[in-house]
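Labels for the chains are A, B, C and D, by order of writing; each one numbers its residues from 1.
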Amino acid sequence: MTDQQPALRLEGIVKTFPGVRALDNVSFAVMPGEVHALMGENGAGKSTSMKVLGGIYQPDEGTIYVGEKPTVMHSPLDAKAKGIVFIHQELSLAEELSVAENIYLGELPKKRFGLVDWDTLYARTDKILEKLKVSFNAKTRVGDLSIANQQMVEIARALTVDAKAVFFDEPTASLTDAEKVVLFEVIADLQKQGVGIVYISHRMEEIFKITDRISVLRDGQYRGTLNTRETNEEEVTQLMIGRKLDLSRSALTHEVGDVALEVRGLSCGDLYRDVDFEVRRGEVLGFYGLVGAGRTEIAETLFGLRDPSAGKILMDGQEVRIHSPADAIARGISLVPEDRKGQGLVLGMNCRDNMTLPQVDDLKAGPFVAEGAEVSIFDQYRDKLDIRTPGWKQTVGNLSGGNQQKIVIGKWLSMHPSVLIVDEPTRGIDVGSKSEIHNLLRELASQGYAVIVISSEMPEVLHVADRIVAMFNGRVMRTFTSEEVTEDNLIQAISGLSGDGQAA
Amino acid sequence: AEHSETMKIGITQNNVGVDSYQTTYEKAFIAAAEANDKIETVVLDAGGDVARQIAQMEDLIQQEVDAIIIWPTNGEAVIPAVRKAFQADIPVIVTNSNIAEAGFDFVASFSGPDNITQGARSAEIMCDKFMDMGIENEAQVVHITGQPGYTTAIERAKGFEDRLPEVCPNVTVVDTQPGDWNREKSQKVMEAFLVKYDDIDGVYAGDDNMGVGALNAAKAAGREGIIFVGATNFAVGYEAMERGEYWGSIYQSPVDDAEAALQTAIDVLNGEEVPFLNYFDTPKITQDNMGDYTKPVF
Amino acid sequence: MQPGTLSTFLKRGAIWGFIVLELIFFSIAGEFMSLSDNAFMDLDNMLLLLKQSAPIGIIAMGMTIVMINGNIDLSVGAIYAISAIILLDSMTWPIFGALGDGAIPIAWLLALAVGTALGALNGLIVWKTGVDAFIVTLGAMLGYRGLVFMYNGEQPTSHLNWTLVDFAEAQFLGLHTATWFLLLVTAAIWFLMNKTVHGRNAYAIGDNREAAVNAGIRVGPHMMINFMIIGFLAALSAVVFYSESGSVNPNDGELYELWVITAVVLGGTKLTGGAGSIISTFGGVLAIQLLRKGLSHIGADTETVNLVIGLILIAVLFLDRQLNIKGKEELKV
Amino acid sequence: MSKQEIGSFLAKQGILIAFAVFMIGFTLANSRFLDPDNVMGVIRSSAILGVMALGVTFVVISGNLDLSVGSMMSFSTIVVLDLHDKIGPALAIPAMFAMTLCLGAFIGFLVGYLKLNSLIVTLGMLSAIHGLTLTYSGGQNMDIADKEGTWFSVFGQGDALGIPVPILIFLGLAAFLGIMLSKTPFGRKVYAVGGNGTAATFSGIRRARVVFMCYLMSSFCVATAGLIQASRSLGSQNTVGQGLELEVLAAIILGGASLLGGSGTIFKTVIGVLILGFIQNGLLLVGLQFYVQYVVTWVIIILAVWLDIAAKRGRLWSPIA
């Protein structure tokens, strides 16, 4: 493949934002038919590179080559016309429209007089959906799909045009394992057709499974390209973060205390039924299940965002009624929600104000907000979580995805909750920070917090949780201790084939 | 036609909520109708909207009333609707402000004040006062008009501006701005006038509400000796005249207006002869003769 | 029936249900409170209703597109007035004087062109400056109104042409000219929104502007076209109405934007864009006109009319919301 | 200063610069423009609009609109004038405030707790409150009988330390509300709710209560404006506040608040109000017709907002294709 000319090449790209040099002399090339990983910590500039290529941002310096030709990408339309397709990190769908219309957004097949050719549209869409092995059809309204399925719709877009290069920005962040398999098949297919693929992800196992080469960015600078077959996780990590990572799990060095939160027979309409579990101080309780299993809804109920239709919640042995997040916070419950943009952050506000939002009533000097105290809280958690931002005044919306997530985590940690619920806490977080967050969760438990971790990543729950609640279709199938659990029985349980024989 | 049984009379008014003249008119109209047990009325308000008024005309025709009284929102735009009533053999009486000449063929009678004469009379009141004061050769006047676009506003302004040079050729109108029949708006306009012109001797306002707004502005600015003349004497204007702050106005009663319109309609229905232009009298009222008039109730 | 279908059905049908309710109410109340011997639901009265719905209704169709597109247009009342002035005044221009009634179609075209151009100006500003449509058209609502006054001062602009009036007052197959225009516009816009790529893109842009941009839809020109459509329709509404009335006050059309938006929202179009239906807007227009007509039929006075229309608007919004709540377990945000 | 710094300076201060340019322009056109009497006069007559705009600023930052303030102001004015003669000013004022706050609470309940769309609710209330006012007054003008002898005139016509009372009320209230918005937890919550209501809820903020409070503040400001208005002219028509809702919005937009919520400040609103007031007055002084003011306001609103966002995004023309 060495004598081939690249499908796409970046040379000396510089892009600055006020106070941030997001890309600093970045160069790399994507060959036709290769899967090229783009890696780097949160905020390293991966998404920005992609947006520069896609014509969403114009570079300050540097050149983009399509084939051998220096090219200016004027707009997304322009990029598309040049055969470059993007699957964005953030879902970019029109919820009210059908799956087919979303997949062919911007290029609906036309008949005469600008009429939509519905027959062709549905036929083509069905073909693509078949390839993706999804359960929904072309006419489904996208807003009715789960997040995972919406992500599949996004992915389907890559298959609609004759692409020269396809960019995937963290496509698996909210996919289940089965869907990942399908995605990888799709990528392999594209690869066979000679399409150059850029794959952005923080998940090492995926990188090593499907990519040919790995380019690494750090702080906006290009750090080099490695051949995947000739390298290993350690080397990549070192290149990314400049040091080695300690991935060992900190053992439980403390006693598990009494029950902090107990749930008995909790139901909420069709969302979940008869849920029982308890979480003790000093313990990390994992929730694992397929997307749509109802885990998020349980968390939302505990946080006062939904009213249960039956059952009870007990804290320290007392039955409690939680009607609003304010109630929940007052009782020492914190929730790191799964959707950071929609639920976690006020994107137009600065970092500090976002972080202290839940406790703004408590941080007072006379009738005013004690801004000094706020800044010190922010500084403390910025250091603790290694948040990359020019300062507390930066608007949160301008942070990279991973750093935004860290702000949300900091926001709830700084509340010193007695029960901390985190829903997909490391979605979109780089390996370094991920292990930091895992360690942090373990550490919190060891300090006597009760921690609930909801995750769709099996390695994550296996790694951090002391016990794991396996859910399927709104029901708890089984609760495993870390001694009992294996990948196999966990998968069985969340697929409805309960380990202890209860059929679903 | 023989109208021994009850007569159904529909009225569509211009914009009732807008000031108390129209409100009082409506009340007086209803009261007058109720006092007469041979009459039933449908009272509608167009809210200042031509389209709504035309729709109301159509509705009244469709409801087969015996006569329609219209206070036009626009003296020309309603002509086709009036023609429709005419073609349906329903007599139309125009009230308060007339429709344009092109529609006269379809109208049984106009009943209302003569706005042009009113404007002219206001000019006379002002000129006479200037002569008393001996400043008829140097006086400067500002003019605050009613809501732009309304027939009444336009006619009064025309009457005033045509007549003033005839009676006081050396008085100059230095500025004209609308006060929208609104006391507050007029006060603002006057404030700016006061800053702009050191010498203002007279203010003519399209009605007393605006006149009193201008008066308030002058009082607040400590400017004295200005002659205020308005039209449609409102209670506030009458009181200001009592206090000696406001010189004169035109006495126009909405009660007379309403009663005259209803009576004209009844007369038309009874087949009596009515003049085509049925003006009711709107005399001059000044501090000198105000004792002859009772304080307006609106 | 799938769960949720009933409430969707109720929701879609809510406006028609409301119309039926109004009809029943005014028919019964009319028996006791109205002077008229004719029933409220008399055929002629209903035909009039359609006709009287035309001025607001024609503009409302354009507003539906613009709102589905994620924008709003507050300047329609002023565009309506300017177009009317052009329509009536141009017939008196000496160059067309020789044409006699031949000047009519030219006047129509001129008025429509001016409306379209003013809409285009709004659209261009929204597109090129990136200022929110609410602000752009709020400004234009003042600015265009200023232009109206500049044209002819505070005087009304009039030109009564009986040929034109006769045409406007004509009835064909029982329906008035204005009704035909309303129905044609409704059908055309329905077709545009449901069958054409432009229409589907309007939904997409209103739903998720960023996604549309990323997908390569040329959002700017697209929005501009929609502003041109609503400008055109505002002018068409003026053409239909002023052909009949022959005179325009400089403040005509004030508050039309509010009535139009009210009708569109009653019809269930989302204020945030992305969802809405032309047929339901038609229902919204009828509902409002029915309310006005009904209230005057039963002889309600000005203060009651204001009070009732305001409260009904809120009540309908409330009802719509109740129908949309999925259940107790819904997320409380 | 780098180019970028100039850009962001313009973004932050653009409206002040525009203001300065205007003041200079009008002063050149008419030397009386900056006459202290005129300046005082303009601020005083802007005070009513200004006080209303202060409250609506809260509503707008919280992500909602309030189109009912004009007719609510008519209501307050009529009510306090009516009650003045019936129960005396000392009781009339609190009674009027209570009634106006009830209206505000009703809107706050509908928009905050029932989560109805604010544009439509306040549009409905615009009409409904107008109906209410007409019912209350019977459509008649309301006038105080004894205009000379009442201390009630102090709010609109009085002076303290040589400064007209309406100006003192306006600026005092602006300072108070400005600090409340920028420095207190409540203010922070208003920004959060307007910026992202869902995220605010997820942060334990009682969004409904915040929205409710914003409408309450808005109605409080309206009541204050009504008080000044009534006291200034000691009599009023039913339509006194009609159309002010749009002027209020225009002032707030000129100040640079986004109608989507989450941004804006009291200080900028005050500037916006003054700009409108001085434009109105300046054009009158220059002798231009009132409708020229419409056109000028149009151009200024669009230029001001355009430059504001252009500076924020770092390029003049919108990036949309």
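One rule holds for everything that comes next: a contact is a pair of C-beta atoms (placed from the backbone, for glycine too) under 8 Å apart; a residue touches a chain by one contact, two chains touch by 3 or more.
Per UniProt, the chains are A = Monosaccharide ABC transporter ATP-binding protein, CUT2 family; C = Autoinducer 2 import system permease protein LsrD; D = Monosaccharide ABC transporter membrane protein, CUT2 family.
Computed from a prediction, not measured in an experiment: that's the story for all the values here.
K.L.:
Note the shortest touch-path length, in steps, from chain A to chain B.
P.N.:
Between chain A and chain B, the shortest chain-hopping route counts 2.
K.L.:
Which chain pair racks up the highest number of C-beta contacts?
P.N.:
C-D
K.L.:
How many angstrom between the C-alpha centroids of chain D and chain B?
P.N.:
Those two chain centres are 33 Å apart.
K.L.:
Using mean CA coordinates as chain centres, what's the gap between chain A and chain D in Å?
P.N.:
Computed from C-alpha means, the inter-chain centre distance equals 43 Å.
K.L.:
So the centre of each chain is just the mean of its C-alpha atoms; given that, what is the distance between chain C and chain D in Å?
P.N.:
Roughly 29 Å separates the two chain centres.
K.L.:
At least two partner chains per residue is the criterion; list those residues in chain B.
P.N.:
16-17, 26, 148, 178
K.L.:
Residues of chain D touching 2+ other chains?
P.N.:
Answer for chain D, listing residues that touch two or more other chains: 130, 134, 139, 198, 201-202, 289-291, 321.
K.L.:
What are the residues of chain C that contact at least two other chains?
P.N.:
149, 213, 218, 302-303, 305-306, 332-333
K.L.:
When you check every pair of chains, which ones turn out to touch?
P.N.:
Result for touching pairs of chains: A-C, A-D, B-C, B-D, C-D.
K.L.:
Okay, in this complex, where on chain D does chain B touch?
P.N.:
Listed in rising order, the residues are 30, 32, 35, 37-38, 41, 45, 130, 134, 138-141, 143, 147-148, 157, 229, 232-233, 235-240, 242, 280-281, 284-285, 287, 289-291.
K.L.:
Give every residue of chain B touching chain C within the complex, in rising order.
P.N.:
Touching chain C from chain B are residues 8, 16-17, 26, 40-45, 47-52, 54-56, 58-59, 62-65, 73-81, 83-84, 100, 102, 145, 147-150, 153-154, 178.
K.L.:
What part of chain C is in contact with chain A in the complex they form?
P.N.:
Interface residues on chain C, with respect to chain A: 195-198, 200-201, 203-204, 207-208, 210-218, 274-275, 327-333.
K.L.:
Any idea which chain A residues touch chain C in the complex?
P.N.:
The touching residues are 54, 56, 75-77, 79-81, 86, 88, 92-97, 101-102, 105-108, 110, 113-116, 157, 268-269, 271, 297, 300, 304-309, 324.
K.L.:
Give the list of chain D residues in touch with chain C in this complex.
P.N.:
110, 114-117, 119-121, 123-132, 134-135, 139, 197-198, 201-202, 207, 246, 249-250, 253, 258-260, 289-295, 297-299, 301-302, 305-306, 309-310, 313, 317-321
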